[in-house]
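Below you'll find a set of structures to go through.
Look for chain A in each of the two complexes below; its partner is chain B in the first and chain C in the second.
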Partner chain A sequence: MRPLTEEETRIFFEKLVKYIGENIKILIDRPDGPYCFRLNKERVFYVSEEIMKKAGNVARENLVSLGTCMGKFTKSKKFRLHVTALDYLAPYAQGKMWLKPSAEQQFLYGHNVMKSGLGRISESVDRYQGVILYSMNDLPLGFGTAAKSTSDCRHSDPGTIVCFHQSDIGEYIRSEDTLT
Partner chain B sequence: MHDTMEEESTPKSTTVERPLHVDVDLGNLLLSDTNEIAVKSLRANPDEYLRTLARDNAQLLINEIWKLPFERVDDVIITKLPKATYILPREKPAPKAKTLTKWESYAKEKGITKRKKTKLVWDELVKKWVPRFGYKKVDAEAEKDWVLEVPGNVDPMEDQFERKSEAKAERVSKNELQRLRNLAKAKKVDIPGGSGLTSKEKPSKIELHQAVHVAKKATASLGKFQAKLPKEKPLKGTGKKRQFEPLVIDSTKEKNKNLDVLARVMSKKPKIDIASAVNKQVDIREMEKSSFRSKSHGPKQGSGGGRSGSKRSDGKRRSGPGKPTAGRPRTGDGEGMRRGRSGGARGGGRNGPATGRSAFGGAKSGPGGGGARGGRGGGRGGGGRRGRS
Partner chain C sequence: MGRKTNWAEKPKTGPGRKARKQPPPAFERDGKKGGELREKRERKRLSNTVRPAENERGGVRRPPQKRFQSSTQNEDRGGATTRPLRKRFPDKNVGEEDVAKKPRKVGAAPKEEEEDEDESFGNNDEPMTLESRLRKLSDMKPTGKGDGTSGSPTRNNRKEKPARFKKQTVYKSDSEEDEEKEEESTAKLDSTFAMSDDDDDEEEDLLPFEKESVETEKETAMDMEMSEAELKSQMEDSEKFQFPDADEIEGADMQQVNDRIRDVISTLLNFKDKREEGRTRSEYTDLLLHDLCKYYGYNEYLMERFMAVFTLGELVDLLDANENPRPLTIRTNTLKTRRREVAQALISRGVNLDPVGKWSKVGLVIYSSQVPIGATPEYLAGHYMIQGAASFLPVMALAPQENERVLDMCAAPGGKSTHLAALMKNTGVLFANEFNKDRAKSLIGNFHRMGVKNSVICSYDGRKFHEVMKGFDRVLLDAPCSGTGVVSKDPAVKAQKDAKDIQRNSTKQKDLILTAIDCLDAGSKTGGYLVYSTCSVLPDENEAVVNYALSKRNVKLVPTGLDFGTPGFANFQGKRFHPTLNLTRRFYPHSHNMDGFFVAKLKKFSNSIPVNVQEVDEEEESEKAGQAEEIAEKLTKKRNRKQNKA
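Coming up: the complex of A and B.
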């Protein structure tokens, strides 16, 4: 386990900014004690400093998880968010989409969201911006990338994809053994 | 008491009885006693027992020495000890087997064995026995090669003698290189430059890459001013080792660092995002269009919107339980909601908020789908009030 290098931090933040924008500040600077980002086995964990210090006693190879896993660095050093990060993305999300109950299952099985399944969308979502997907009763279901901007959404056919699937809470079951 | 007194005063007997024969090696002055130890007396008085045992065995050894032939030189008794028979273990560890050279290991793998060759070979040309190699071989060669043929495929002006000696020098230096490489391999020495010098016929891509880098560094300035190839990649594993920060850093320092990185990341974003600006413009235009449409429906709607707006301010979130049930095929609920929301947020136009609110009102007041549908209708410029009432 180690702190992220500057380059890693940059790559990580660039990804996070797509979803929560300036709100990363809230994650970095918390009123309830210091929290930090730590890297272990290419995974980034968001963890309170107290727990991190205690976990420092565990050998790297034995340490499976601590705090919340935000995602991992791929072999080509890109950052990929995991669904476990949803708890931190959802409250600060800038782009939001709400799914109709009929489309929820499709999304939770790992499919993209089509216009027909879109219940509503927050305003001024840009193309390729990160969006959090909610059910109609405001339960965060996952996140993805907007395939169309808000205004484009309006004019598109029901069959067009409006959001590319990235991660959903169905992964807790589907990829149970790879999530940490 | 009496016994012990007597024992101490009288010298002990020189004859010692041992049930089993003891091994004596006079060359090493070594005696090994394989007789059983009297465990009882050892336990009772270990010091005493060991002392007597040692004395008795020493007596036995000395008795054996006295059996050897001795002579007297200047009042000193001298004897010659026989050769040692007991094999002592080696002081140093046994030497390790020599590392095989590359050829030796290859030959072993292939089962190639050395054949004995005669030192002299019969040379048909000079009709003489000449050495195969070594001493006087050069003389024999010189005698044989006083003239050399010029092959048809080479430059006729080329000196064939020089060419021959060059080839020989090449072979010698290659052999020397191989010898040194074997030596380095046996001693496990890292050769400086690694595989910079490739003597292979077909070096791999990686080996060539390394060779280029070694050659580039072989200048007085360590390759600082060497031109780079287009798209040349840096050699892996030759740079500095990565150094990471310790696990626990000062939290405020870390926080500031993260904030710095964040500021840099945020500053990279263009100040004017054309796409989003255009989107906003399109949004506004749409809004105006919709407001124009709803305006034509009369003032009633506006007032309705106003009322439901006050309702919204009591903190109720917009949720659409009934909404999705209203399955309008196109320009569906998403749109209606969207329009409503954006209107509300921006506060633009008289009718913008009204449409949003009407959507609300429908969802809130309507017990089921009917209410929601009414709300939707409001969103499209219909009667939001109708849904509620």
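Coming up: the complex of A and C.
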């Protein structure tokens, strides 16, 4: 377990900014004590410093997880967000999409979102911006990348893809073993 | 203002109109004559209905069932035997009109009469002597007749199936026996008073159809007496259970084995009267053991242990309960939502559910569901966790506070750990340890799904955890065990677990509990508590382990804070445990409708490790034997260490 290097921090934050933009500050300066990002086995964990210090007792190979896992660095040093980060992404999200109940199930099985399944979309979502997907009763379902901007969405066919699937809470069941 | 009505509740004058569904109470024979038989029956009834009283307070709700039959039967039972005999004579304050009306009504509609009588005479509960009863009965003859008619349908039933009784009168349900007795007595009375003047006068007044009914009554009374006598002789024949010979024991089919189990149990419960001459108790128990193993598919060792733990009445209940799955229960994740919201969301998906019981504010029982409960969007969003009701108990007993340092030593798959985190409201630190790395992965998923953020998940051998970290405020040790309490989940346990497995588990558990105690901090302001739990019902894995911990470390047992459950054993099979072991709690499938479980709560009161006096003595003895210097050195070292620690 070690802090992120400068390079890693840059890659990681670049990714995070796509989803929560300026709100990234809120994650770092928190009113309830200092929080930090820690790297263990290529995974990035977001955890309060108090807990992080106590976890220092645990040997690296025995440490499985601490706090919240945000994602992992791939072998080619790109960063992949995991669905486990959803708890921190959802409240600060900038782009949001709401799915109709019929499309909910589709998305939870790992499919992209069609225009026909789109219930609502927040204003000013750019193309290829990260969006958080909600069900119509505001349950965060996962996140993805907008395939079209808000204005393009209005004029597209029902069959066109409006959001590329990246991660969804169905993974808790589908791929429990590879979650982190 | 203008109200003059008296709103105060009037005291009830008797059972309500609908409270009574059985024929009027029986006239018991004089105590001496029927005494023995009655006692026997009562004992049997007791043994049949033995259920811990906690059943009503704790445990999981059973799904609503249609119980027409059983409930009426029960009432029959209770009514005929336990209800005090009511005066069957009009009180002075009851108008004479009532009395005059009676005879008419009886012939026409005996059922109605019963109910009426109930209302008007219900307030007299004082017991009467037989003589006075008889005297009064001579005035009240028609009531006796009413008995006859109301009894007739049951008698007809009986006529149809005497074959069953021929074989096993032992099984005859108590209600039937009572009825029988009742009818007998009423029949006698009928014949005694048949010639009374009252009756004759009445008969002249009767309408034709009433006369008819009176006649049929008489006929049925005759029939009854005959069948009565027949039954009696049959009963005497098959009262005793015949001990089978070796061929019969092996060759019996399942139904026979089941019948035999019941016979042997009833014999063992009343061994003095029912045993066959020359047979010992152990012969009967051996037969029972063999039959139970065959019928339920357990291995002999396990069944032997079960027979030692449970009384005979409980044993069959338990084994039956082990054959059926326990109800599916879920726990609301209070970190993300509330129980009512979860319930609403699930009901809208077509799930039929109910709160689990008064003892838990987060549990729900699922009776039926149109969608898979483990794959709804609510489940994926971490609003609830599928978890047995018994798994709530150790966490509730531990009752972690906010901002504490808590350890769960054997955490996977994380049901109890996430419950701990929810009670801590995501503050403090929760260490979740799981030795098996594959199983630890399920911890990651569940912790993140449920939104637990104060956790550290690690994978150590629990027996060495004190080397990693100490000074916890609370520790939960849900030890790996044989799983004899969750046979309904994993039937493989029945055949596989033998003495060696239990022994191994027990050793492992003893190591774990010592480590868990070492990890605790006795000086903690809020805590210093350890909860030890297993899903086993065997004392070797429960009481014996806790007893071992009590002798090896400075800990004491404290009440678990669970208001139901059976107290643990303070002694078992001649082994005498620490007397405070009755503060531990046991939970059983048959009495609480949850998995078999054991929960003990310990408090650590000193961080020093007591040196066993015996060991020192032994060392001193060997000192005398020769190696004086060496051991003296050892001892001084030990003492020094002790002093330093203190």
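In the analysis below, the second predicted complex is superposed on the first by the 179 of 180 C-alpha atoms of A that agree within 3 Å, B and C clash if a C-alpha of one lies under 4 Å from a C-alpha of the other, contacts with A are read in each partner's own complex, and residues count from 1 in each chain.
Note that in this section contacts are C-beta pairs under 8 Å (C-beta built on N, C-alpha and C of every residue); 3 or more make two chains touch, one makes a residue touch a chain.
In this text, all values refer to a predicted model and were calculated from it rather than measured experimentally.
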Margin query: Taking chain A as the common reference, can chain B and chain C both be placed on it without clashing, or not? Answer clash or fit.
Written below: fit
Notebook entry, point to check: Touching A:T5 in the superposition: chain B (first), chain C (second), both, neither?
Noted result: first
Next item on the list: Go through the superposed model and pick first if A:I173 touches only chain B, second if only chain C, both, or neither.
Entry: second
Next item on the list: Go through the superposed model and pick first if A:I132 touches only chain B, second if only chain C, both, or neither.
Entry: neither
Next item on the list: On the superposed three-chain arrangement, identify whether chain B or chain C touches more chain A residues.
Entry: B
Margin query: With both complexes superposed on chain A, which partner does A:V58 reach: first (chain B), second (chain C), both or neither?
Written below: second
Next item on the list: Could you tell me if A:M114 is touching chain B, chain C, both of them or neither one (first, second, both, neither)?
Entry: neither
Next item on the list: Identify the partner contact of A:C163: answer first if only chain B is touched, second if only chain C is, both if each is, neither if none is.
Entry: neither
Notebook entry, point to check: What is the contact status of A:T84 with respect to chain B (first) and chain C (second): first, second, both, or neither?
Noted result: second
Check: chain B to chain C: minimum CA distance in the overlay, Å?
Finding: 8
Check: Do any residues of chain A touch both chain B and chain C, and if so, which are they?
Finding: none
Notebook entry, point to check: For chain B, which residues count as touching chain A in their complex?
Noted result: 244-249, 251, 254-255, 257-259, 261-262, 264-266, 269, 273, 275-276, 279-280, 282-283, 286, 317, 319-321, 323-324, 329-335, 337-338, 341-342, 345
Note to self: Looking at the complex, which residues from chain C come into contact with chain A?
What the structure shows: 374-375, 377-378, 380-381, 405, 429, 431, 434, 437-438, 440-445, 447-449, 451, 453-460, 468-469
Checklist line | Contacting residues of chain A [partner chain B, same complex] | finding: 1-3, 5-6, 9-10, 13-14, 17, 22, 24-25, 28-29, 34, 36-38, 49, 52-53, 56, 98, 100-102, 115-116, 118-124, 126-127, 136-138, 149-154, 158
Item checked: Contact set on chain A toward chain C in their complex -> 47-48, 50-51, 54-55, 57-59, 62-69, 83-84, 87, 104, 108, 135, 139-141, 169-170, 172-173, 176-177, 179-180
